[in-house]
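Note that subunit A is present in both complexes that follow, paired respectively with subunit B and with subunit C.
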Partner chain A sequence: MRLSEKHWTLLILIVLVALTPFFFPSSYYFRVGSLIFINGIAVTGIVILTGYAGQISLGHAGFAGIGAYTCALAPVHLGIHPALAVVLGAAISGALAWLVGRPILRLKGYYLAVASLGLGILVSMLLTNEAWLTRGPDGIDVPDPGLRDLFRAMGLGFSATEAWYVFNGFMLIVGAWLALNLYDSPTGRALRALHGSEIAARTVGVDVAGAKLTALVISAVYASVSGSLLALQNKFITPDVSGYMHSIEIVTMAVLGGAGSVLGAIFGAGILTMLPQVLTVFAEYEQILLGLVMMLVMIFMREGLLPSVLRLVRGRGE
Partner chain B sequence: MPELMQFLLSGVTVGAVYALVALGFTIIYNASDVVNFAQGEFVMLGGMITVFAHMAGLPLPLSALIAVGATAAFGVALNKLAIEPARGAPVVSLIIITIGASIFIRGATQLVFDKQIHRFPAISGDDPIHVLGATILPQSLWIIAGAVAIFIGLWLFFTRTLIGRAVLATSNNRLAAQLVGINTNWIMTLSFAVSAAIGAIAGVLVTPVTMIGYDFGISLALKGFAAAMLGGMGNPKGAFAGGILLGLIEALTAGYISSQYKDAAAFIIILAVLFAMPQGLFGKKSTDRV
Partner chain C sequence: MKLIHKFALGAMTAMAFAATPVLAEIRLGATVSETGPAAFLGDPEAKTLKLLVEKINAAGGLNGEKIELFLYDDGGDPNKARTFATRLVEDDEVQAIIGGTTTGTTMSIIPVAEEAKIPFISLAGAIEIVKPVKEWVFKTPHTDRMACEKIFTDMKKQGYTKIGLISGTDGFGASMRKQCLDVVASYGIEIVGDESYGPQDADMTPQLTNLKGKPGIQAIMNPGFGQGPSIVTRNYAQLGITLPFYQSHGVASNGFIDLAGKKAAEGVRLPGTALLVESILADSDPQKPVVAAYVADYKAKYNIAPTTFGGYAHDALAIYADAVKRAGSTEPKAVRDAIEATKGLIGTTGIVTMSKDDHLGLDLSAFRMLEIRDGGWKLAE
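The block that comes next holds the complex of A and B.
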């Protein structure tokens, strides 16, 4: 039986999420794994925006910030359950993306980059400066959504880190599944068509502005959920989650791994999340190595790490 | 009124720095269609190399000269090692390459030099000059003069010299430029050298006022990029006007509204301008070839 690429991707993800814990020597590894899943969710959003539709964003951390701070603030001020706050944050992020999307997405290339950059910086600045609400740059506590109790009620005695590993892994697989479904849907086809040529797409009847807007809103929701999960897992969040460097990180993970495919981008998230953990011994050289990796991969493996490696393997097999 | 005068003076000073960074962006963009996010690192290198050459006992003018020359060499290396091999890569890849370069340069600088913040003495001392009830540092005048001189120089270069026109031709259509005998690779190298040198000069000029550290380049690159986009990418006039405008907006916001939101005001104006004029203030409307 031949599996489609979609099913392969899901199968690989499920196997990785389910089986790697058997090789984890300590709970620290669960934490790193869980962080990879969180970044993987944000990066899957970038696959839809950049990989499918070819649009650039240097401001997606802004949406992650909205998701994270909604989880910190809504349960306290509005009295809603933290799980509901994740949905609320996603709704706010989606609404903001929808609102600013039309004018921003008229811009192309670097102009789009600077506009999205500005948007991200504005969100980050609000979170840093409105200290009466957000407690400012020092960060804020995030309420516990009771994930462990939920698992315990189902008869599963996980530790907190294990519980988050399982839950975030589940969320990543759902996110990847949705993104993969989108690929072959009419919207996904429209996005890929306008990536190739906007004018050609318009001539065959694609609503270019509408399709781009859809991609931005969906990717904003992914980023927001990723920010929410980070805040809930850490029970604490600082405005750094919305900062410029985090935006760059998200895009770099996706593009390094291979923004054209969900699996590639998640692979990139895995590599870049683990890199600093592996390099703690050489903390001094971390920046130099990170910069080198970014340049070398982009120069010699333009489609990203995973697609290039796969091509190498397949080329040998034939 | 002295209050307003003070805000205007500091706005123009900061704006002149942004204009210098934006001009650096413009030159490289004109030659290669690449926005070089490592432009801020050139400014940082200019300041840091001068500091350490001076600490090693060299006279200040010589240190500054060495810094500008060395930074220009780094610019050429960046082009040869990272930009040329990636020709034809999509915009996202180029952004990541130049951001990677900036992270690399930052990491190397803190290893080779240090993580401290440094400064060296100003060219004409630190006694403020009084203008209409406001004060300005002599060094600020040097910064403004430097920005104006470099702007005029570049303007003459692009409009009056054969090489400058060759740069514009390369940016317009690389293949056509090669067909009329322009050595486009050489033009690229030259552009990176000039752009890096301008960045380094900015670094030398601002260090006595703002001081310099290994991570000072990031925010300068962001502001310079924003200024260049505000004016319209690729247009030296736009870069200069965009830089000064950005500096003024920031200073006035900091003075009259809130110093915490001075960066916000700048980006709100940029978003508003781009919404109304997607090509920036001075950008020409372009049509795509199908």
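The block that comes next holds the complex of A and C.
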């Protein structure tokens, strides 16, 4: 039986998440792995928005900020469990994306990029300036959701870092699975159709604005969940999570790895998360190297690293 | 195990740098913001740590053991700082951490140090770092609250009772504003105007005009950090405001005078450390020898004068070295207890005496009230 691309992607992800820990010399590697998964989740959302629907957002960190700060604030002020706060954050992010997207996505072109840019900056400013609620730019503590105790109760004696590695890995696989399912669904087909040509898609009866809105809302939820997980794992969060640079980082990861493919984008998240760790010896040149890699990828591998390399390998094989 | 280690590196696209360093006796970790928005703080801190570790090792180390410094650049990103702190603890197996250039990065390193039970000496300002006292966490810079108190003490002495506040909305400005509002009443001073500006704003004349018009206002104070206070100072001069003007310790560097301009900065008062006025300190001043030696060493290696922020790193390392010597070992618990028992240690920021309830160990005397005259610093007391 030949495996479809969807099954290949999931299989590779599961194998990577499950087997690499056997090679980790210290729990620091679990931390890096776990961060890759968190970024991977946000980037999977970008695959749906940019890769499938061809829309560009420069403000997804804003949704990550909403997810993160909901986890910090809701358990304290509303008395709900942090896990429920993840869901609440996702709901708020989704609702906000819907509100902003509804008027904007009727238009064609780069309006979403500009609007999302503004939205991201607004969220960031709100989190920074409303210090009475968010405790301002120095950050705020996030309650412990008790993940480690949950694993303990299941008889698994993980350390906190290991527990988060396992959980975030699981969330990433679920996120990837949902995104891959979407690809083959009627909505996914509609998104790909309008990516190709909005006019053609409209001609065959696709609700273009509606489909774009769906993609935006789903990707906002992904970003929100990734922000929530980051906040819960670190037990501390600052408004940096919603900053403009983080938005750019998320998009860069997706584009570098290959925005059109879930595995490629996660691969990009992996590279950009590990790079600062590998390059500590020449930290001053980190930005230069990153810029160079981006330029080369954009010039020679427009689909992103992974899809281009795969094509090259397949091309050789035939 | 070694083979597996190597394989893991390959498999994970070489996550860490492959060369395993020779185990030194004293393994000291540091993560500071050498790049990014807080680079002007982190850069002198990193330079100072490298310089002083070199100097200690050249002199034979501590208790005859050399220090190996593991220094990372977190770029001011709290999340990265957290990762590097984990790396220092788990991978480099350090016995203490110095760093956390900003309050945000410090707060994200604290849980790692507390969990690993190793001493952590922060280089960031906020009072929350050591209040409530955390078992393994210490810090070297004075708090915002102390800066407020120093300024208000001076204002009270001058007889000012109605003042205006113009603060930055960045971490430093927002935190200091809050601390100032907390303590201002006990000095019998009333805040008659409270304005703010964003860290990227390029013109603050409207806010200053507002303040200037407040009835009975006698002085204006600017808690802020980075470029903001320089612009406020320029605008202050452009508007021809003659009220006494106070800046915070956040701009206590020569860079501030350069940015604001010699003329606009004339007469500005601010609390600063002995380091800044090293050349005009009295010879009898207890801090003089320490500060002079640090300035001379720093200038010899980097060809520029150190800043207050480098001084924070100097003091952190001095506190650690002193504690290791007194403890006679590098065992984290013993060193922690020794740090807590630090007494009369002369640093660049002040004379440090810690206790079970005070993990900072500085008092108001650590600050000197300075005034800018002819593009240079003068002691105002």
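Here, the second predicted complex is superposed on the first by the 312 of 318 C-alpha atoms of A that agree within 3 Å, B and C clash if a C-alpha of one lies under 4 Å from a C-alpha of the other, contacts with A are read in each partner's own complex, and residues count from 1 in each chain.
Just so we're on the same page, a contact is a pair of C-beta atoms (placed from the backbone, for glycine too) under 8 Å apart; a residue touches a chain by one contact, two chains touch by 3 or more.
For clarity, every value in this text was computed on a predicted model and none was experimentally measured.
In the superposition on chain A, A:50 makes contact with subunit B only, while subunit C stays out of contact range. Residue contacts after overlaying the shared chain place A:12 against neither subunit B nor subunit C. Once the two complexes are overlaid on the shared chain, A:150 sits clear of subunit B and of subunit C alike. In the superposition on chain A, A:136 makes contact with subunit C only, not with subunit B. Within the superposed three-chain model, A:107 lies in touch with subunit B and out of touch with subunit C [touch as defined at top]. By the touch criterion defined above, A:122 reaches subunit B but does not reach subunit C.
When the two structures are aligned on the shared chain, A:299 is found in touch with subunit B, with no touch to subunit C. With both structures placed on the common chain, the touch criterion links A:285 to subunit B but leaves subunit C unconnected. Counting contacts by the rule stated earlier, residues 128-129, 284, 287 of subunit A appear in both its interface with subunit B and its interface with subunit C. Within the complex, the subunit A residues that touch subunit C are 20, 23-29, 31-32, 35, 128-129, 131, 136-139, 160-161, 230, 234-238, 240-241, 270-271, 274, 276-278, 280-281, 283-284, 287. Per the touch definition, subunit B reaches subunit A in the complex via residues 35, 82, 85-86, 89-97, 99-108, 110-111, 218, 222, 225-226, 229, 233, 258, 260-261, 263-264, 267-268, 270-271, 274-275, 278-280, 288, 290. By the touch criterion stated above, subunit A contacts subunit B in their complex at residues 50, 54, 56, 58, 100, 103-104, 106-111, 113-115, 117-119, 121-122, 125-126, 128-129, 197, 199-200, 244, 248, 251-252, 255-256, 259, 284-295, 298-300, 302.
Contact residues on subunit C toward subunit A in their complex (touch as defined above): 4-5, 7-8, 11-17, 34-35, 72-73, 75, 77-80, 82-83, 86-87, 89-91, 103-104, 107-108, 111, 115, 126, 128, 169-171, 174-175, 178.
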